[in-house]
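Below are two complexes that have chain A in common, paired first with chain B and then with chain C.
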Partner chain A sequence: MIWEVFRRERKGQAFEHAGSIVAPDSEFAEAWAREQYGRRGESVGLWLVPRDAIHDVEDWADEFDLKYRRVDGYSIKARLKEARERASSRPR
Partner chain B sequence: MGDEQAFLEDVQAGGQVETTDWMPDEYRARLIKFIEMHGNSELMGVLPEREWILRAPTLQRKLALTAKVQDEVGHAQLIYRVVEDLGKPRERCLADLVDGKAKFHNVFHYPTKTWGDVGVIAWLVDAAAIISQKALLKCSYAPYARIMKKICWEESFHILHGRDVILAMVTGTPEQFELVQEALNRWWWPLMQFHGNPIPKDEDPMYVWRIKSQGNEEARQQFLEGYVPQIWELGLTVPDPKLRRRDDGTWEYTEPDWSELKHVVTGHGPKTEERLAFRRRFLEQEQWVRDTVLAA
Partner chain C sequence: MADRADTLLALADDELVIGWRDSEWTGIAPMLEEDVAFSSIAQNEIGHARAVYELLSDDADALAFDRPPGEYRCAPLVQLHLLDWAHTIARRWLYEVADEIRITALRDELPVAAKIDREEAYHRMHAEMWHERLQDEPRFRDAVSELWPYALGVVLPEQRAALSARVGLEEVEAVERGVFDDSFAALHEEMTMVRRSAPVGAQW
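This part shows the complex of A and B:
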């Protein structure tokens, strides 16, 4: 059975994928992962997840052009320039 | 075919590949062969050092050497996992290794005659290895590149341990100094062969597919630039009268014996048979452990 190992390096940090191990059950997996990913105190937490339990989401199609949801969907340079020019020519 | 060309262009532009991504058969085959050889080298590489665990001069050295051996075996485990996910089970890698069908690095085919060898291996062989491994941090196959982070981190401890062993000896008695010099004399040529013959990197399929991110000669030059000054500053002599740093910063050296390299890595090194026999014996002897643990 393959277990994916996620490791937290320091408190406050996110768990990050570290690698995988082969072990028949969670007890073996824990012993094994502690040895492989924690014997120098390099982890403050480990998550062991059976590979089969991971639901993989792929294929991020962008048929609807979702740029309006992102910063790269907005180009304000030209408009900002024009706005500044108009502002400076406006009588005060 | 079109896909293969697009794949090649993508990896050459710095693109990275995951296990579940489509990849050309040739790329997969080359990855398996290369990564498997790396795993084999980690596993076989502990044997020369293992011979000195019981003979280590102090308890501190014994503990450090044991830790290093554990690290290297751990690297083999990580690396074989990557090979397994590419389609070749670990059991088959181990079977091919003990049957003499798979290769491992040239330096692990040689004897460790004295404690001086242990220092030279931990310092300079690991230094040469870390140069290759650091270049693999940029490997186009991402799962391999990722485990290299942990491997490089642990190797840096090995180099320091090796340097400490060497420093203790060169600041010791004349006999101890001589032990280091004598070990260096024997290890120099295998070290010079370690990064492979100087084929242009664009003709090296491993570079073309961006499995490696640098050419063989580039790696060797990096080794010379980094470590020859460190060897010299200790008063040690490198056994190559031609060795010198040119004005342009590249190193000139006597051409290593490439036929010897080929002979050694194809299973004809001075310790090849003995070490493979050792592995074979333990693989058989401990079959029941794997059967029991993995059968659950």
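This part shows the complex of A and C:
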């Protein structure tokens, strides 16, 4: 079976995907992942996950262009400029 | 005292020679990951050999490499030149089981044995995982049976009952230290070649 390997380089960092290993069970996966991803002290931790356990999510429907949900959805540059001009011309 | 020195020399010679034999699989192991695993294990073993040689001599290199082949105290099990994976893995497992028995016996009186013991945890895990997977395979069982008399020679006579219990085979007549496999002369020649090629007094 295929095992995806995630490694953490330093304590406190996030685990990052590093590669995969083919192994018959978790003991072989551990022994071999230790060799391939930790033999030179390059990782402080490993997560080994059978590929079947990974539930991957890849597509999103975008039929109606809901741009107001997105960070780039509204351009406020022009409105901000107008607001600044109004503020600077108002009597104090 | 002489007994203890011989026990330690036997331990160091076993680790040196099995390190050598394990390293022979570099580049040709059946799985890439096992190739790397054997390299790691071999390097650890040679490190253990050095640590023990340093207890016995000021010049570990001289003690490791300058003796004539007949003066080595390594067990016949580690000398065997095994060319197929079933025997190689069978030996790996038998050796780790035997080694654990003799290392734990030394652990309390010898700090270096405690250090070696902790590093061996990985070797034992590796050997056990293979043993678990192959224990019902005829080729593996046959290889273990064939190597069993040799395995008994790794441990002291008083430790053989324990080894027998762990391995699950009846005690038989052991192949004792002091016996040299036909392949040992060639192993010694190759292992000491680089050292012998340097002029006396050369610094590395």
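Keep in mind that, in the parts below, the second predicted complex is superposed on the first by the 90 of 92 C-alpha atoms of A that agree within 3 Å, B and C clash if a C-alpha of one lies under 4 Å from a C-alpha of the other, contacts with A are read in each partner's own complex, and residues count from 1 in each chain.
Quick note on the criterion: contacts are C-beta pairs under 8 Å (C-beta built on N, C-alpha and C of every residue); 3 or more make two chains touch, one makes a residue touch a chain.
This structure is a prediction, so every number in the text was calculated from the model and none was measured.
*Asks:* Based on the superposition on chain A, does the combination of chain B and chain C result in a clash or a fit?
*Replies:* Because the two structures are overlaid on the shared chain, the partners are seen to fit without clashing.
*Asks:* After the superposition on chain A, what angle is formed at the C-alpha centre of chain A by the C-alpha centres of chain B and chain C, rounded to the nearest 10 degrees?
*Replies:* 50
*Asks:* Please name the chain, chain B or chain C, that touches the greater number of residues in chain A.
*Replies:* Comparing chain B with chain C, the partner touching more chain A residues is B.
*Asks:* Please work out whether A:Gln36 is in contact with chain B alone, chain C alone, both, or neither, and reply first, second, both or neither.
*Replies:* In the superposition, A:Gln36 touches chain B and chain C alike.
*Asks:* If you stack the two complexes on chain A, which partner ends up touching A:Asp56: first (chain B), second (chain C), both, or neither?
*Replies:* In the superposed model, A:Asp56 contacts chain B only, not chain C.
*Asks:* Figure out whether A:Ser20 sits in contact with chain B (first) or chain C (second), or with both, or with neither.
*Replies:* Touch partner of A:Ser20: chain B, not chain C.
*Asks:* Report for A:Glu82: first if it touches chain B alone, second if chain C alone, otherwise both or neither.
*Replies:* neither
*Asks:* Once the structures are superposed on A, label A:Phe28 by its partner contacts, choosing first (chain B), second (chain C), both or neither.
*Replies:* Both partners.
*Asks:* What's the minimum Cα gap, in whole angstrom, linking chain B and chain C in the superposed view?
*Replies:* 5
*Asks:* Could you list which residues of chain A make contact with chain B in one structure and with chain C in the other?
*Replies:* Touching chain B in the first complex and chain C in the second, residues 21, 23-25, 28, 35-36, 39 of chain A appear in both lists.
*Asks:* Which chain B residues qualify as touching chain A in the complex?
*Replies:* Touching chain A from chain B are residues 20, 70, 74, 77-78, 81, 84-85, 90, 146-147, 150, 153, 293-296.
*Asks:* Residues of chain A touching chain C in their complex?
*Replies:* By the definition above, chain A touches chain C via 21, 23-25, 27-28, 30-32, 34-36, 39.
*Asks:* Using the touch definition from the top, list the residues of chain A that touch chain B in their complex.
*Replies:* Result: residues 17-25, 28, 35-37, 39, 42, 56, 58 of chain A touch chain B.
*Asks:* Which stretch or stretches of chain C touch chain A in the complex?
*Replies:* Chain C reaches chain A through residues 33-34, 36-37, 40, 122, 125-126, 128-129, 132-133.
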